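Two complexes come next, and they have one chain in common, chain A, joined by chain B in the first and chain C in the second.
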Partner chain A sequence: MERHELIVIGGGPSGLAAATTAANAGIECLLIDEQANPGGQIYRAVGTIPEQRASLLGPDYNYGRKLVDQFNQSSASYLPGTTLWNLNSQREIGILRDGQASLISADRIIIATGAMERPVPFPGWTLPGVMSAGAGQILLKSSGLVPAQGVVLAGVGPLLLLLAWQYLHAGVKIHAILDMSPSGNIWRALPHLPGALLAHHYILKGLRYQMQLKMAGVKFFSGVTEFHAVGGDLLEAVEFTHRGGRKRIDTHLLLSHFGVIPDSHLSRCAGCDHTWDANQLCWRPVADKWGNSSVDGIAIVGDGSGIGGAVAARHAGRIAGFEAARALGRMDEKQRDDAAREDQGWMRDDLRVRPFLEARFHPPAELLSAPPDETVVCRCEEINAGAIRTAIHAGHKDANQVKFLTRCGMGPCQGRQCDNAVSQIVARELGDKKMISGGYRIRPPIRPLTIEQLAALDEGADPK
Partner chain B sequence: MPVFRRLEEADIRWVEIQIDGQTTQAREGDSVAAALLAAGLRSCRTSPISGAPRAPFCMMGVCYECLVEVDGIPNRQSCQITVQEGMQIRRQIGTAKGYR
Partner chain C sequence: MNAKSDVIIIGGGLMGLSTALHLGRRGIKAVVLEKASPGRHASGVNAGGLRQLNRHIAEIPLTVAAAEIWKNIRELVDDDCDVVLNGQVRVAESDAQLQKLQARVDAVKAQGYQHEQIIDSETLYRLVPRLVGGCVGALYNPDDGSARPFHAATAFRHKAIALGAEIRSGVEVLAIEESNDGWKLDTNQGVFSAANVVNCAGAWANCFAAMLGESVPLTPKAPTLMVTERLPPFLDLTVGAEGYQLSFKQMQNGTVIIGGAHLAKLDFEREQSVIDFATLKTSAQTVTRFFPHMAQVRIVRSWAGIEGFMPDNIPVIGKSAKAAGIFHAFGFSAHGFQLSPIVGRILSELILDGKTDLPIEPFDIRRFNESES
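Coming up: the complex of A and B.
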């Protein structure tokens, strides 16, 4: 089996920083990336983007170039366009590249798989014309595609404002921005404001976006509830309750967003311990301040270990890179501590805004755990919330039992889109506030693999 | 009318692809899913369960809504594949051909 000293999984800010730092400390390092180019989702296409489009995305995005350049100048090698279908506690990795499955392993692994948008089932979310706001932004970053006939942006979270602001500058018609965060969020966020002001540039940026959008005449609706996407075969409109009245806005495109959560399939597959984070409303891996998970030799950094954003992810990646240098014998503890000190300080400062953001953009509980019965929760197998509740009340007391009974989570996405929702529906129905019943058990292959690909598995010769 | 349009940018390089046998242009570097949306397609497959039309949703490889047939191979994640000159793309209706 091909063996490396260090394998970093994921080419976003934390993965790039971790690989660069470790390689610069003399470690032989391979970075495996699902994408064709380094940058992750946040700095997607940063190396190839036309100047005009880059300026539309703003200076934060363009910082990604520096990270990619530093990575390219390091001795780390890069394996793009590669899917991972397994990672076990022996640090053996199953990969799929150009249709060829193979196994590789490493003395140490850093998982930097980042975040995904929190999937939130609402009536009509499977209609063509409904996409996530992150999807809209990816189309803008990597293909220069923007809505042609206007767009409705709806949900909870800062990405909605950022994307609206970028669209505004690209001349896109924004029909409306619908904010579904509960009105009480503002009050719950206030106590965290003094701390957040230590990282006030984030807050000022948000206020500036909002002001410019309002000045441009974009309509904002806050406190939106009972949100539905409606249409026959295609999206035709959104309907929602606002200030006690039912409203309808015709649109061919809805971009929804409900915050981001760690992409935890890989860390769960590897058997790392996870806990439920009640502030971020997601499963997150247990990790120490160096990123070490509960499994020996596997570290998890960046948004994949809990949402902290791109800047914190970059520092966390560097910190984990120094820790890898210690674990692999290139530094002693003191050298590691000295090397990591600056990044630890910067990361701490940057994370000060998080408690405020988490409270301000906390999604409403009923949206996540109490979708109407007819709402499709599992998009792949088309299992609705009513069927899930029926299973729970028939005695299936956790997400896995619901899965066995209903096939919820057994389609091609392997539960990525329904896991978070099913966990919360189960918890609500059973009054389980601590989420002790757990989420889906994640087993390999965690990406669809054909029998032909598995049969042609290249295990590689054992090293002599 | 297409739901997405391209920004007007200089120096666009195009590749020729086929969608359901129709020749069309995509921008070099586009994902297949982006090329389908840019070509004005509203959906890329139907659900094998209910037959309802589906379209790309997440664009980052976690929802599997964008599955299409690429160069004869079904169930490919079109948001994860970059277009190539001469690529043959087909929408997937129901269960993919050969996978019944």
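Coming up: the complex of A and C.
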């Protein structure tokens, strides 16, 4: 089997920084990413995008170019357009490139696969015309596509505001922005404000976006509850409760967003331990301050280990790069500690804003754990919340047992869309505040692989 | 705690649950101790194959009796367990293979059983139209099929409870000791005692046999399954092939389950298995050999379950040879799902009547002692 010293999975800020740092320390390193270009989620297509669209996306976006340049100048090798469909605890990796599946392995692995949007099963979320805000943003970043007929943006989280601002500048008609963060969030967030002020640029940026949107005449509704997307075959409108009254806004496009959570499929597939994060309301891998997971030789950095944003992701990547240099014998502990100190300080400063953001954008609990019985939770297998509750009350007391019984989470998305919701429904029904029941066990392949591709697998048999 | 009962069953897989159910039918309220949750291991994650075809000759009386029960499973557990009985074939690619299968049919007939037959290629292609061309015939049983394993385990559990059984999840038995009036089980949740103990601990069962001084060569292994995306219906039967490790069937929801006892790497201590894709490559090649139209189909998931295997691939079923009041049923070697309803009945008869009408001598725990000497 082809073997590398270090394989970094994911070419976002954390992965680029990790690979660059490790390669500069003399490590033979391969970076794998399923996108065609380096940059990850936030700096998507940063190297190839036309100047005009780049300026639309703001100065942060341009920072990514520097990261990509440094990566390109390093000795790290790079496999773009390559999806990873398996990682196991023995650090063997299954990849797929141009239709060819292969097995490769490494002495050390850094998972830097980033975040995904939090899927929330609200009534009507499966109607055509309902999309995630992230999907809207990906279209904007990679192909400049914008909705022609106007859009409603709804949910919780900073990305909603950012996308609205980006759309405003691209000339898109925004029918309304519906903020579903509970009104108490502001008060719960305030005690965290002093800490957050050290990272005040984040907060100022948010306020500036909001002001510009209001000045442009975009309607804001805050404290929105009982949110429904309605329509027959297609989305026709959104309905919601605002200040005690029921409201309806006609629209054919709804972009919803409820924050981002670690994309933990890969780390779970590898058998890393995970814990429930009650602030971010998601599973996150257990990792030490160097990014080391519970599995020997596998580290996890960036948003994939807990949401910290692009800047913290970059520092975490560098820190894990130095740790890889130690683990692979290029540095001793002291050299690693000295090399990483600056990044650790910057990362600490940058993360100060998180408790404030987490409290301010905490999604309402009922939205996640108490969807109405008739609302579909698993869209692949079309299992609704009522069927899940029935299974729980028939004695299936964890997400995996519910999955076995109902097939919820057994479809092609491998439970990516419903795992979080099912975990929380189980916890709520059983009155379990600590979420001890655990999430789905994730089984490979975690990305599409056909029978023919497996039949032609290149195992890179060891020369005898 | 210190609880006393007539019968304690170690292991809440299908064997344990079925035993509890059959005891319940005869008025005995058994206690099932399960270290994880019922159906967590082999019984909940297997391929659900209800196969009589091509079994070890010694298993034939049991598999035939079990098939009768599955046919009317609702009468036993008040639930149909999603049983579908559309038949199973074992395909032959050459005349030599077909002759071998014919000899098999003759051997089965010699035992007085008629459930296996040879079909010619015309019949085969009528039954399995998407099968690759060039196959010459098959071994066939029209009454084989499948059920949904976790559903079955759930139905057996509910019915056992309805008949008075007590199922305790999260109770791990650590040791068995003889006491004045029966047996004492040390567990992570205190001590349990009973006059009779049934060892249905699956791949873990030999540790209890060893405690009683009758250790057997049971090996834990982790057979792997793959399931595909949903496809339009194209196959009613379960398909195997002579000379290949293949078990191939389409479920009612359109997904295809692919098995054939390809093994994952197992860390038995930690109960973790690592899927071996180099091995599954062979499985995928077998699938494309017999069903070329599957080439572009997506694999959605692969998984492995932990099962106990015996060197002769048939289980241990019966009374302990060393200790009165102890009964064993384990080592089903990746084909115990189909047998589970009858195994529970046999154990209940052994406990309550001291005997059973079914021939279980070949499954005697002592069969390995003799070969040693």
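By our rule, the second predicted complex is superposed on the first by the 462 of 464 C-alpha atoms of A that agree within 3 Å, B and C clash if a C-alpha of one lies under 4 Å from a C-alpha of the other, contacts with A are read in each partner's own complex, and residues count from 1 in each chain.
One rule holds in what follows: a contact is a pair of C-beta atoms (placed from the backbone, for glycine too) under 8 Å apart; a residue touches a chain by one contact, two chains touch by 3 or more.
Predicted model only: the values in this text are computed from it and were never measured.
Visitor: Could you say whether A:Val238 touches chain B, chain C, both of them, or neither, answering first, second, both or neither?
Guide: Neither partner.
Visitor: Determine, under the contact definition given at the top, whether A:Ala229 touches first (chain B), second (chain C), both, or neither.
Guide: Neither chain B nor chain C is touched by A:Ala229.
Visitor: Which partner chains sit in contact with A:Ala25 here, chain B, chain C, both or neither? Use first/second/both/neither.
Guide: Touch partners of A:Ala25: none, neither chain B nor chain C.
Visitor: With both structures superposed, pick whichever of chain B and chain C touches the larger number of chain A residues.
Guide: Result: the larger residue contact count on chain A belongs to B.
Visitor: Can A:Ser132 be said to touch chain B (first), chain C (second), both, or neither?
Guide: A:Ser132 contacts chain B only, not chain C.
Visitor: Could you say whether A:Leu87 touches chain B, chain C, both of them, or neither, answering first, second, both or neither?
Guide: The answer is neither, since A:Leu87 touches no partner chain.
Visitor: With both complexes overlaid on chain A, does A:Ala455 touch chain B (first), chain C (second), both or neither?
Guide: second
Visitor: For A:Gly411 in the superposed arrangement: first (chain B), second (chain C), both or neither?
Guide: So A:Gly411 meets both chain B and chain C here.
Visitor: Is A:Pro444 contacted by the first partner chain B, the second partner chain C, both or neither?
Guide: Second partner only, chain C.
Visitor: Considering each complex separately, which residues of chain A are in contact with chain B in the first and with chain C in the second?
Guide: Chain A residues touching both partners: 411-412, 448.
Visitor: Name, in rising order, each residue of chain A that touches chain B in their complex.
Guide: Listed in rising order, the residues of chain A that touch chain B are 34-36, 41, 45, 48, 50, 52-53, 56, 83, 99, 116-117, 119, 126, 128-132, 134-135, 138-139, 142-149, 170, 233-234, 252-253, 263, 379-382, 411-413, 416-417, 448.
Visitor: Over in the complex, which chain B residues touch chain A? Could you list them?
Guide: Per the stated touch rule, the residues are 1-7, 9-11, 27, 29-31, 34, 37-38, 42-43, 47, 49-50, 52-65, 67, 73, 75, 79-80, 82.
Visitor: Provide the residue numbers of chain C that touch chain A in the complex, in ascending order.
Guide: Residues of chain C touching chain A: 37, 39, 44-45, 150-151, 154, 157-158, 227-229, 253, 265, 272, 274-275, 277-278, 280-281, 284-285, 287-288, 294-303.
Visitor: Under the touch definition given earlier, write down the residues of chain A that touch chain C in their complex.
Guide: Residues 86, 88-90, 92, 94, 103, 271, 394-398, 401, 404-405, 407, 410-412, 414, 443-445, 448-452, 454-455, 457, 459 of chain A touch chain C in their complex.
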